[in-house]
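These are the structures in question, set out in turn.
Two complexes follow with chain A in common, the first pairing it with chain B and the second with chain C.
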Partner chain A sequence: MKPFLREKVPSGIDDIPNVTAYEAGYLVTKNSGWRNFRPVIDTQKCVGCLSCYLHCPDGVIFRKDGKVAIDYDFCKGCGICEKICRPGAIVMEAEK
Partner chain B sequence: MAKKFLSGNEAFAYGIRLARPQVISAYPITPQTIVVEKLSEFVEDGSLKAEFIHVESEHSALSCAMGASSVGARAFTATSSQGLLYMAEGLPYAAGGRFPIVMMNANRSTALPWNIYGDQRDSISQLDSGWIQAYAENAQEALDLALMSFYIAEHKKVSTPFMANLDGFVLTHTYEVADVPSQQQADEFLPAFETENKMSLDTPKNLGFSAGPDTNTYFKYKEHIGILNVKEVVREAEERFEKVFGRHYTGLTESYRTEDADYILITLGSISGLVREVVDKLRNQGRKAGLLRIRYLRPFPNEEIADALKNAKAAAVLEKDISFGNEGTVYTNVNSALQKAGISIPVSDYIGGLGGKNISAEEIEGIFSSIAKEKTVVEFLGIGGEDSGG
Partner chain C sequence: MAVNAKTLNETEFFYGHKACAGCGGSLAVRIALKVLGENSFAVLPAGCMSAVGFNFPQLCFGNNAIISTFAGTASMLTGVEAGLRAQGITDFHAVGFAGDGGTADIGLQALSGAIDRNDDILYICYDNEAYMNTGIQKSSLTPFGARTTTTPAGKNIHGNLRPKKNMFEIVAAHGIPYAATASVGYLNDFMRKVEKAKSIKGTKYIHILAPCPTGWGIKTNETVEAAKEVVDCGLWYLAEYENGEFTLNHRPKEFSSVESYLKKQSRFRHLTDNDIEIITASRDKKWEYINKNFR
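Presenting the complex of A and B:
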C-alpha cells in the first residue's frame, strides 16, 4: 500500500487536531529527498523471491508483474535491499 | 451512602472504585502503597472489574496508563516522590497527548537526604508538566476528588491528565470518618469515558505523532487552553457533584473568613485544617485573620487569589516546598497573581514541613504575628531568612 499524501498541509491553528491523534495513513511530506543513492531493479535478474520486500525497513517495495518495484517517493536509499538480493538484481545508483 | 472509618489512601481507593476505571497500572511506594493495595483487593474480590497491571517501575506504570487511555480506557495510576520523578519523562508526554489519566500522588520529600515523610516538593517540581494539580485537605475531600478528577480530566474541553495530591502520612495514613457514596449515585454523577480515538479497524488512527517547528506551537497552545478550561469545568463538576451527593466544594480555592480579614495566610493541603483553627482562635481575640486554601495549583487560581487579597493589609504563603536558589514556588505564583491584578501589599513566604517536620499551631500563630508587621520576608520555619547561618 502506498502511503496517502495529504494534499492540504496544515497552515494554521484551525487545521490542528485537539489531541495528538489523526486519521491513520496520512503523510504531509515525501522523504525521497533524503536519498543519495537509489536502488534500481534489473527485472531480468529478479526472481520474485520477495526477500527485499520482507527486509525493506520503510515498506516501500511492492510486488509488480511477478517481480518487485520501488516507491521512490518514500525510499530513503538505505541499500538494505541491495545487500539482501541474492541474484544481484538490485544496484544502488548515485542520485544526480 | 455509608459512613466508613478510612485513611486518606483508602478513601481515595473507594473513590476510584466508584469511578470504575478499566485499567490500573501502578508500582508501590511509601506512602502511596495502600491506595493500590486496596484497589488490587477490590479487583481480586470482584468488586472492581478492572485490569490491574503490575508493572516493573513507575515509568512503565504511566506508559501503561497512557496506552490504555489513548484508545479509550479509563486509566488510573498512583505514585509518590522518587516514583513521580522516575515517571517524569512520561508526565508531559501524557499531557501533550491529552490523555485524561488520573493519578494519585502521595506527597513525599525527595532525596537526598533520604526521607519518606511528607512535603510537597515532589509534585510542585512537576508543576510545568501540563497536568492538572489538586491538593486535598482531608479523607472526604480525597474520596470526592477521586470521583471528580475523572469528570474534569475527561471533559471534552479539558482532556488533560489529573494529579490528585494527598499529603504523605498526615493525610494518606490518618483515619477519619468519610461518607462513601453508593455506586448508583456515582454512576449518576460520572458519565462513561468517551473518546473519538477508540481502537478501530475501520477508522484507524495515528496516535502520538510528531509535530515539527511549523505546527508545534499550535499543539502547545491548545494544551494550555485545555488546562485553563478546568477553571470553568471544575465549577460545572462541583455543581453536579453537589446535586448528587449534597457536598459543596468551592472551586480552585477555598476562602475562610477572608472577607473582612486584614491578614491572610495562603496555604494548601492538610495543614489548612490547623490554620483554620488558628484563624478561629485569633478571631476570638479580635484579630482579623483569614485563610485562603489553594485547592488547585494548576490551573493557577490567579483571579481567586487577587479577589481574596484585594482588601487585605498583608499576607503570607505557608508551603512545604522550596525552589532552591529562589523562594517557594507557590509564593512566586501568588506574587505574579497579585502583580497582574495591581495589588501591592507585603506578602511573605514561610517554608515549612520539609521532610515531614511538624508545623505547630504556635508556629502558625507566629506567622500571623509576623504578617501583622506588614513587611516582606522569605523564611524557613524554625530557622529564619537567608542570613540565619549554615
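Presenting the complex of A and C:
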C-alpha cells in the first residue's frame, strides 16, 4: 500500500494510541514546502525511459501514459531527476 | 524476468518521509521495498531511516515496519521471522535496514548471531559512511581521510585516521548463504541482488553504498552521480559472495580519477596530494586482492 494523506490528524491524548503501533502509511503533512526549485517535465521530450522514476529518493515520480508525472505534494526538489534525464526533458524552475 | 524500472512494482512503500532532499539511504530503502513487495516486514534501528520514516503521526511505511533497538536489528528480525513462522505465515520477507553505524559498530554482534543461526532474514546495510542522523560522527565505515565532527580536519591530522572496515568480507567470513555489495549509482545491479536474496533461504546481507549530501558535502542532485563515481574510481566495488566464492559483478575498464571523486566532496576537500596517494595506493592493494581472490 502506498502511504497517503489523511484528513484526521491525531492531536488530543485520546487520539494517541496506548500501544506502540499505529496504522501503516499514515501521512498528515506534505513535503512541498521544502522545495526552492520544482522539476518540470516536458512530455514532448520525455522518451519514457523511467530513469527519473527509478532514481527518485522520494518516489514522487510515477508512471503515466507511457511517460512520467510528478506528485508535487511530496517532491523536495533535490534535482536528481533533472540530472539523470538523458533527453533533457526535465528542467528545474524556481518556486515563486 | 529481470527486475528493471519497467518491471518494478509500481506501488511505493516508503513515501512522504522526512529525509533530506537527495538522500541516498531513502532511495535504497524505497527500491528494496519495491522489489520485496507488500509482504515485507521491515525492521529499522535508530538511524536516519527510522528518524525520517516514523514521525508520529507521519508514518511513511506502507508495509509492516517497526523500530528496533540500535544494537538489535538482526535479533529483532530473528523474532519477527520466528513469530510469522509460528503463525503459519509463509509468504513474507523479514528485512532490516540499518545504517553503517548500526551495522558495523553497534549491531555487529546481533548480526553475527543471526548469521550463525542462519535465520531466514535479509539484512540491508545502507552505508552513508558516518552517523549522519546524529550530526555526522565517524563510524567504523567512515573512509580514511573523511572529515566528520568527531574526526575534524586540522593542520596535523587530516580527518579520519582509520580505513573503512571491510564489512562485506567480515559477513562473508561467517559462511553466510548470500552476501553482496551494491551502490545506489547502480540500481539495476542492486535490484537484481535483492531479487536474488528473496529466493534464498537463510541469512542474506546486502551492503549498499548510499551517499549523503548533508554529510558528504555534495549538492542534493549529485547523490546518484557520486555513488556511480565511487565505483568507477575503484574505491567501492560491486560483488557477491555465494557458495563460498566471491564474484566481482562490475569491473571498470579503467579507473576514473580518485582525486576528482574526493575533491567534489567537502568532507575530503582538505586532503593533501600525499593523502590522496595513500588512498590510491590502498585502492590498488585492494584491487590486487580482488583480482586474486574474486572470480
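FYI, the second predicted complex is superposed on the first by the 92 of 96 C-alpha atoms of A that agree within 3 Å, B and C clash if a C-alpha of one lies under 4 Å from a C-alpha of the other, contacts with A are read in each partner's own complex, and residues count from 1 in each chain.
The rule is simple: a contact is a pair of C-beta atoms (placed from the backbone, for glycine too) under 8 Å apart; a residue touches a chain by one contact, two chains touch by 3 or more.
Please read these numbers as outputs of a predicted model, since none were measured by experiment.
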Joint occupancy of chain A by chain B and chain C, clash or fit: clash
Broader residue contact with chain A after superposition on the shared chain, chain B or chain C: C
Chain B versus chain C as contact partner of A:55, first or second or both or neither: second
First (chain B), second (chain C), both or neither touched by A:34: second
Touched partner set for A:13, first chain B, second chain C, both or neither: first
First (chain B), second (chain C), both or neither touched by A:45: neither
Partner chain(s) touched by A:24 [first = chain B, second = chain C, both, neither]: both
Those residues of chain A which chain B touches in one complex and chain C touches in the other: 10, 16, 22-26
Contact set on chain A toward chain B in their complex: 10, 12-13, 16, 18-26
Contact set on chain C toward chain A in their complex: 5-6, 8, 10-19, 21-24, 26-27, 30-31, 38, 56-65, 184, 187, 213, 219-225
Partner chain A, residues of chain B touching it in the complex: 70, 96-98, 159, 196-197, 203-209, 211, 214-215, 218-219, 221-222, 226
Residues of chain A that touch chain C when the two form their complex: 1-5, 9-10, 16, 22-31, 34-35, 49-51, 53-59, 62-63, 74, 76-80, 82-84
